[in-house]
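We just call them A, B, C and D in the order they show up, numbering each chain from 1.
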Amino acid sequence: MSVKKFLNDPDDLVVEALEGLVTASAGRLRLHRDPLWLESAAADADRRVTLVSGGGSGHEPLHSGFVGPGMLDAAVPGAVFASPTALQVVAAVRGVDRGAGVLLIVKNYTGDVLNFQIAAEIAAEEGIEVETVLVDDDLASESDDGPGRRGTAATVVVEKVCGAAAARGLPLAEVAELGRRVAAGARSMAVALEGAVHPGEDVRSFDLAADEVEHGVGIHGERGIDRRPMAGAHELVGALTEPLVAALGLAEGDRAVVVVNGLGSTHLLELYVVFREVAALLEARGIGLARSLVGPYVTALDMAGASVTLVRADDELLGLWDDAVTTTALTWETR
Amino acid sequence: MTATLDRAAARRWMDAFAADFETQRVRLTELDRAAGDGDFGANLRSALGKVQQRLAADPQTARAVFAAVSDAFLDTGGTSGPLFGMWFRALSRALPETDPADVTQLAEGVREGTATVQRLGGAEVGDKTMVDAMVPAVAALTDATGTGPQQALTAAAEAAEAGAASTEDLVARRGRASYVGEVARGVLDPGALAVALFFRAGARALDG
Amino acid sequence: MSVKKFLNDPDDLVVEALEGLVTASAGRLRLHRDPLWLESAAADADRRVTLVSGGGSGHEPLHSGFVGPGMLDAAVPGAVFASPTALQVVAAVRGVDRGAGVLLIVKNYTGDVLNFQIAAEIAAEEGIEVETVLVDDDLASESDDGPGRRGTAATVVVEKVCGAAAARGLPLAEVAELGRRVAAGARSMAVALEGAVHPGEDVRSFDLAADEVEHGVGIHGERGIDRRPMAGAHELVGALTEPLVAALGLAEGDRAVVVVNGLGSTHLLELYVVFREVAALLEARGIGLARSLVGPYVTALDMAGASVTLVRADDELLGLWDDAVTTTALTWETR
Amino acid sequence: MTATLDRAAARRWMDAFAADFETQRVRLTELDRAAGDGDFGANLRSALGKVQQRLAADPQTARAVFAAVSDAFLDTGGTSGPLFGMWFRALSRALPETDPADVTQLAEGVREGTATVQRLGGAEVGDKTMVDAMVPAVAALTDATGTGPQQALTAAAEAAEAGAASTEDLVARRGRASYVGEVARGVLDPGALAVALFFRAGARALDG
């Protein structure tokens, strides 16, 4: 008996959810099939850089919820926790290019990197200008060898900032450069209180005792760095945030964008408690809280847990952050 | 009849590969399970299913057949899907716009494709991957430039089979199998075996 | 050992979460203490009707996430699943009144009704014009006697429409009349796949077997109408939606606003699958899908489950729905 | 000394009520647990704690004392909090702007407050609620209009106690206890008992 979820055939989950999303969008989104990708239907300026991102499903609202004016032009969804194929990505790149080039925003996982790189090469051969920004913010997966840090919640910030830069009409090289700068200045760390359950399966990705948490988890149900005793929000959040401050070398007078991200089933009340702890910690160090997002933005299916992301901020980044955005999951007018 | 490498031969080749793969599918999955994540058989089956769909459009040259094969693999998951996809892509592009293709072109395509796989995947010979079967096949095809396609493919198959066999005693340094270290020793690499199956199927398909 | 949640002292959860929310709002929200209530800091037109809503906590983003221009002027949070006190409500009413009167939007629960009614009487004695809209959309709790249908996810629609009407400068009586019309035309039904866990406790509000669901649940962890076998999304959603269509007497050519609401820990992928089923069912009956919301809007802590709300729509209601709104949980420009 | 109903007497009255409640708290909670949800003791304790905080501002008349008491109850949860809050509010408003108050005013306030509780809660005598103690107290206070506050409160306490005792054999028709039906029979209503405690504390507080 699998764990209960709202679905028909688990194999249809991703496509049916996308169909629901597109219906709910009332014409703002368009779904392409064979290969599968999601496009913003908003008529937008010609000859401007367009943005494509994507990756495994199960992280919603990432990426499909961020398609729309001011952010992504297309999202390319893989199966749950699996990269989209190179051909899906190529189709999206061909579909959204308006002659000014396409930026690929890729979370650092072997499969995603491979498929997006192949897509970039094929598109380039076809005469489409392509640049790639790799997001690798997850401090827990930092090591001297291996595939490097995983890409997690900082992706939202990269997508927002690059989307704004593209909408302003900046050339591809500059949009990519901005994205790389945001990614380089971003670190995240997550803790899970309970593992996730893959649709159609009956066990959690890992089992935790009632008094344990999994520190340093990723967003695919993989194990974290270590298992620690459950503690109060103050202590749990301190353990996530302190290493980020250190890794980014944030000091008094610096400013940061903060993302407190729910991994799936953690309640908004709790996420705001987490955010309060992050804000207090930054304030105590004299680090400015420049902007913030609190909510489930980059989930790991129904995992219980939260991640904290800090992004080093400057006026240029914040100006782009404040530009208007109109997507399913993130919407504001120019601030 | 002297076999030529044309549309019909390419179709027979892919059919033979699919048939051979089906007889080996469980074994290939077992090998991936022992040293990887156990989805190699499913990934390859999915790709070969997409190949059939794309070949329904009836491409008119060997080049076009392998272009369809490439797209099918590029539309498939796993690490093997995109790598094989790019391998077939280079192969297709080395073949002429009009049939038939010759051994020099075939050798050139496999060389280019193998180089692309190595560039994308970062694997060297000895890392216990599909590359261990591809690199010897390139050498065999190059040496066989004077001969016909059937002879050349037989030489490539023998070389690839030897290469695949050599993976048994290796510890993986690339791909998922690299996570399990010594456990993988004694387990053949399924990707390399699939490459050998591919060339052997070609040798058979061009044999009359 | 209580179930793991991000919190310090459970008694401080609500206040700490509100502090986090206000910090994250960067000046758009203001927190009052003793008594506790949350206010929109947006400077807005004088002499217009203002809106106050509230109720137990644990339903976030309701109500705190809907405070801001175009929606609520104040939210009054009780403890988890407990009504705010009459004095909290009175303080909010006094605080937001600009001389044109205050609309109270109240979910139909005995405690909320009592405390908001008392607050309304006290405010009226002080010379403040007050009207109340009672939201009672939950079809599962309909019965001939008893306290009447519970108020659930339709509250979001009532708050949005009344907020827009107030922002347009309509007088109190008209804003209230609109709210009552929306509430009268709204019905909801929910199904739980797992119960919720109260902060600091160690058991779920109810226990379900692996092959059971609880049909007709409310948003406080109370039991539903009956326990049914787990089924596919198509069947589960049909069982929620059919009775709503019947209860509202929606027929071919009618239009409805649809809210597919997550009860807490149900993933967005699943909610979009649910929405797809609702949309297909309406389409098959020739009922127009006028507008929609899909997401966790009125939660029951971390309950796994979803509710479907249908609201009979007309041009006036839809015009107000499309007006600009700028809150934490709901934001759009005039459509 | 003839007791007058003034600021000091009102403070003594509330102190006595708080002290008596504390001795009965566990019992009241048990009764609410048997026929309700078991939080009555906690709700009342919370309200009386807030009363103490508000009395720290040292209100200058009996009217102002009960206004503070009312606000404290209106700032408390449960069903009893807001109902008692409105009861005390009416009581406060019936008392004069300047001390002392007389029995007529006291009776008027309790009558008004009880009417408000009945209007808001919809309970009649016999529904097994606080109203069962309030209504007899109103009658006793009205009959005692000619006497002094101490005598009047003693009469009210006796009436309220009898009213509270009468709830034992009733089945609740209002409030949470109404959900449990026959189970509540044999259980005194804690809200009614609290009303009786309040008047008895008043009688003692004004006794000298």
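Assume contacts are C-beta pairs under 8 Å (C-beta built on N, C-alpha and C of every residue); 3 or more make two chains touch, one makes a residue touch a chain.
Chain-to-protein mapping (UniProt): A, C = Dihydroxyacetone kinase subunit DhaK; B, D = Dihydroxyacetone kinase subunit L.
Keep in mind that this is a model prediction, so the values were computed, not measured.
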Message = Report the chain whose CA-based centre is farthest from the CA-based centre of chain A.
response = D
Request  = Could you please state the distance in Å, as a whole number, between where the Cα atoms of chain B are centred and where those of chain D are centred?
outcome  = 89
Inquiry  = Measuring centre to centre with CA averages, how many angstrom lie between chain A and chain C?
reply    = 28
Task = Let me have the rounded angstrom distance from the C-alpha centre of chain B over to the C-alpha centre of chain C, please.
result = 58
Inquiry  = Building nodes from the protein chains and edges from chain pairs that touch, which of line, ring, star, complete or other describes the result?
reply    = line
Ask   = Each pair of chains that touch: what are they?
value = A-B, A-C, C-D
Ask   = Residues of chain C touching chain D in their complex?
value = 35, 78-79, 82-83, 85-88, 90, 110-111, 114-115, 117-118, 122
Message = Could you list, by residue number, the parts of chain A that touch chain C in their complex?
response = 1, 3-8, 13-14, 16-21, 23-24, 26, 57-58, 60-61, 65, 193-194, 199, 202, 208, 210-211, 213, 230, 232-234, 236-237, 264-276, 279, 289, 291-292, 294, 296, 299, 301-302, 304, 306, 326, 331-333
Query = Which of the residues in chain B end up touching chain A in this complex?
reply = 71, 74-79, 81-83, 85-86, 89, 120-121
